[in-house]
Amino acid sequence: MITVLKSGVSEQQRNQLIEWFEDQGLRVHISEGEYQTVLGLIGDTSRIDEELVASLDMVDTVKRISEPYKKANRKFHPEQTKITVGDVTIGDGSLVVLAGPCSVESEEQILEVAEKVKAAGASILWGGAFKSRTSPYAFQGMQAEGIGLLLAAKKATGLPIMTEITSAENLALYEDVDILQVGSRSMQNFELLKQLGRCNKPVLLKRGISNTLKELLMSAEYIMAGGNEQVILCERGIRTFETTTKNTLDLSAIPALREMTHLPILVDPSQATGNARMVEPMALAATAAGADGLIIEVHNNPGKALCDGALALTPEQFAAAAEKLRKIHKALK
Amino acid sequence: MITVLKSGVSEQQRNQLIEWFEDQGLRVHISEGEYQTVLGLIGDTSRIDEELVASLDMVDTVKRISEPYKKANRKFHPEQTKITVGDVTIGDGSLVVLAGPCSVESEEQILEVAEKVKAAGASILWGGAFKSRTSPYAFQGMQAEGIGLLLAAKKATGLPIMTEITSAENLALYEDVDILQVGSRSMQNFELLKQLGRCNKPVLLKRGISNTLKELLMSAEYIMAGGNEQVILCERGIRTFETTTKNTLDLSAIPALREMTHLPILVDPSQATGNARMVEPMALAATAAGADGLIIEVHNNPGKALCDGALALTPEQFAAAAEKLRKIHKALK
Amino acid sequence: MITVLKSGVSEQQRNQLIEWFEDQGLRVHISEGEYQTVLGLIGDTSRIDEELVASLDMVDTVKRISEPYKKANRKFHPEQTKITVGDVTIGDGSLVVLAGPCSVESEEQILEVAEKVKAAGASILWGGAFKSRTSPYAFQGMQAEGIGLLLAAKKATGLPIMTEITSAENLALYEDVDILQVGSRSMQNFELLKQLGRCNKPVLLKRGISNTLKELLMSAEYIMAGGNEQVILCERGIRTFETTTKNTLDLSAIPALREMTHLPILVDPSQATGNARMVEPMALAATAAGADGLIIEVHNNPGKALCDGALALTPEQFAAAAEKLRKIHKALK
Amino acid sequence: MITVLKSGVSEQQRNQLIEWFEDQGLRVHISEGEYQTVLGLIGDTSRIDEELVASLDMVDTVKRISEPYKKANRKFHPEQTKITVGDVTIGDGSLVVLAGPCSVESEEQILEVAEKVKAAGASILWGGAFKSRTSPYAFQGMQAEGIGLLLAAKKATGLPIMTEITSAENLALYEDVDILQVGSRSMQNFELLKQLGRCNKPVLLKRGISNTLKELLMSAEYIMAGGNEQVILCERGIRTFETTTKNTLDLSAIPALREMTHLPILVDPSQATGNARMVEPMALAATAAGADGLIIEVHNNPGKALCDGALALTPEQFAAAAEKLRKIHKALK
């Protein structure tokens, strides 16, 4: 970390600051220029609050030159993390496809979707039970009953399952769920992350719509610091000024995260675009950019289930997309 | 709500959609143009999911022409909401100043700050006990013990107190707290909002750094729909491309929210700018724009308490700012 | 266009507004609801200024339901536009690669790059002569001399050339240039666009870093309204809160623009990411998403030409990337 | 400037880079850490292209610790710049109000507005002649004739005038205009800025809707580097995800720019909010935050002149707002 002092700072003020840095276990290198003095801090600066140092009257600017995340950092853990659920491994160079409906609606529906996506090549079943909705008047999901139906589909098809957790209070309900999904609105629900850090279960962490990649890794660090290192990252679109698409899918997050971290990286083109017609091209693009897998919304009857299915692909559209995804993935091997 | 159909939609498809709208209790007006058909939906459309209708193949665009929030909406509740804690009323045209430290650190500290901000004109004491920090390695606050110290300061000074709640599990600890603060990262923690909707206590709801004013009102609606109508809104800066300030304080939120809702509106210039030198000018600006009050970070010794105080005003700086705030508020009466 | 009136608007005010709309050649449908009156405007609303109507005291909201661009609109021109320069056609389903250096530096350099990118499969040579730089102290390009060197390279290799135009005053210099490039900072330089509308030459229009897709099409419309319909669009990254990459490449612009317009769509992964290591994965992603072509920065010696080359691929890296691009493009046929 | 090298960089590579920095006239301080080597560059780094150094394979990160703008920088020119036109001085602690119509429409209109805003306390007349419109089909202004009418109003009232210049080709028409306005879409039209750098006339430079404060100052630097140091800055709202207001007025730009630069700072609340009802509260807020002046749109008959006037205040609304502005400005003295 580099701290640049303003011109005119007294020696006493400067020494007070240096002493404080040394109390935090850091060594301080001083280099004096014509207009400013630069302090170079050497040691573990991950506990230093950059913004607060920057706000000191005597400080001109502060620049962090090493990252504040440790366990998620590829620099210290160069080897790629692989996460296995059932027969499926995420992060080993294969392309893993998770598919299912935004909301579990009935046993019939989830069984039909599970069988069809399995047949089309999906290897993990995904479905919504506890839903996080902007409006208090919108359908909040089948909740505990929905988890039960997902478990029934798991039993029937053998597919591992993933579903969202919105509060640590419900953790007991997720015992047989294979991957716990943290939604984008919960990415900085630190109380929840701390609890998941004490679980022994893979966690899929979705990027918040206005969170940087560094913040995503700091949230992964919350889970890993608690002892649970099975974290999967997921890019799902960020909020920008553009309104043509629901969010702006940030695919450069894939090569950027690949350098920053050893954790696997998935992409959710359904939530990002909010538009069934854009799901296939964006899924293909994510695959070409090197994603470890995809989350795709599929519904057995988007026509009838107007409220939720319309965003989703039909099983037939999903099968056609999955076929192309395999071609792209193979072409790049 | 207006739904524009694509050209070439069959009559059968159209009728199916109209039927579905009618099943939701809406009346549908059809108006046919040369290139498109427009369906006007009349009735309570707050339960209709706009994005999902938009994603239907036959639909070109959907436009909402009435707001999906009801209880927070000034249209249906023209009278301004006033919220009283102790002797203080927020929303009655006065300027209410909340002040205190980002983190409660000791009994000595919080008592000194409380007395000094009271003397300078603050009417509510604010302080952090449960902290929401980006890094798992950063100080997480004094937690339950911190709430105890705030209550001691309340007893000593008579000031009502406000502090943040990060999880509904801790609700019992807040029994004697006067205002429950929901931080910006929790603005869409809907599980927490639902629980607060069942409390009989004022809630201060901070806008998320990337949430629209409509989403802020939808989150207020979550609390109000549960039966608790004592909601105070707070603008505290949004995330933009500009990096000179920590966030971009959106003061036009004040006149905009004034038209949209009857709830009181506070502004937090400390968190928004992240810079003690900008707190006074932004507090003055918020007052001139018509805010009902301000939240200002004050620390008794920002020099020593390097970790947290540096962002804050000293009690002397706060007293000087409070004096100017009163002048501005008076000049506009 | 839909105009929603506030409740309490007098009949006289309403009639005045309706009259004004009718004076603009529109028919007005009135539909009265309990809380509001909705005016539906039928006819060519492209000349109506939406924001200004919205700001009228009596108006609650205005919603445009047809697009204000006509000539660029796929609705009115369903057939895909193809643009031919030399032997190359852009927009016919093939993948066209433009490659070259950010700045033309010498005859030797541009000839070497031109030959190598041609050998690797590029079909148009791109290079910078008039440069648009944030700092007045930065190198502003070789200007007229640089165009001369590009023409020499065109002669030597037979490749058509593209280079940026920053001011209409220099138009005479571009007589033998095949494609005129409008940079992202000039996307709304309407004086320049008007002049280019009078040229009989293909124009590549780069999206501004904070412009919406609709604004991009309105700028294309400026050129097309002047009579020049040979416009090629280019996505090159938008400005967001994320700072890990220079800009955020918005690849969902490809399927979105494909629906909105009949104009060809290119992608520039070099400028978008600002990082040579991310160019290949983003170029592959753009191809998989359906782009008509790519613009890639290539320099013969990025090591020596420190100032500009570092962002660029070496000819060898470019050849390797081009090989993969062809595989992806073929896999999707 | 600080350059952090990756671990594993060979001594030869490192020396090559150091040599290159020294060739640019810089001294290089080397400090070696466990995981990385840091190069401190001392001297004038304003010509070094930060992004390009960052993109070198051997480089981990680059951090600029001094600003790349010199003439606009308060560090090197601590004294506040004052700019005088006619009897009016901008930047001397007074509050200067510029007022007038978005478009000059007729002699009658501009004379009436000029007289009324003068009577209400405006000291500079502002009006649009060459208009920069998103749509090619929208009214492009009265152009040269409009400038003539502004000059007539200047003669009649004695008020200095300001109007926008969209192309350097028209410079001769502006001989008797007192302040040349560069619109936000032209903030990075560097060809125009270079020409204005050779004028001997004050230039008002509006911030681009997605430009940082540093970029605003770099554009001011373009004008000042040419020899014209009479530059006035203007904040007019930035583009964010929020859609309730046209743009988000960034009032923290006022205290931020005050520290960064010695140039005067104006605010345009009309363009920022796009809503006549928000102009007064935002003008008051800007004044309280310390702006040197305001630009306010005023039209003699917003009701009739539907197309442009609706955004504007009436002369009566303007007079009432100006009265309050003076009260705020006086209260803070």
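Going by the order they are written in, the chains are A, B, C and D; count residues from 1 in each one.
Note that in this section a residue touches a chain if its C-beta (ideal position, glycine included) is under 8 Å from a C-beta of that chain, and two chains touch if they have at least 3 such contacts.
What you see is a predicted model; the values in this text were computed from it and never measured.
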For chain A and chain C, chains touching each: B, D
Listed chain pair B-C, A-D or B-D that repeats interface A-C [over half of contact pairs the same by residue number]: B-D
Farthest chain (mean CA position) relative to chain D: A
Chain B and chain D: spacing of chain centres that average the CA atoms, whole Å: 31
Computed distance of Cα centres, chain D from chain A, in Å: 39
For chain A paired with chain B, centre-to-centre distance based on mean C-alpha positions, whole Å: 26
Overlap residues in chain B, where contacts from two or more other chains coincide: 210, 239-241, 243, 277
Of chain D, residues touching chain C in the complex: 20, 46-47, 49, 51-57, 68, 132-138, 166-169, 185-186, 188-191, 194, 208-210, 215, 218, 221-222, 225-226, 239, 246, 274-277, 303, 306-308, 310-311
Chain A residues touching chain D - in the complex, by the definition given at the top: 2, 4, 7, 29, 31, 33, 35-36, 38, 40, 42, 60-61, 63, 65-66, 75, 210, 239-241, 243
Of all residues in chain A, those that touch chain C in their complex: 210, 212-214, 238, 240-245, 248-256, 259-260, 272-273, 277-278, 281-282, 284-290, 324, 327-328, 330-332
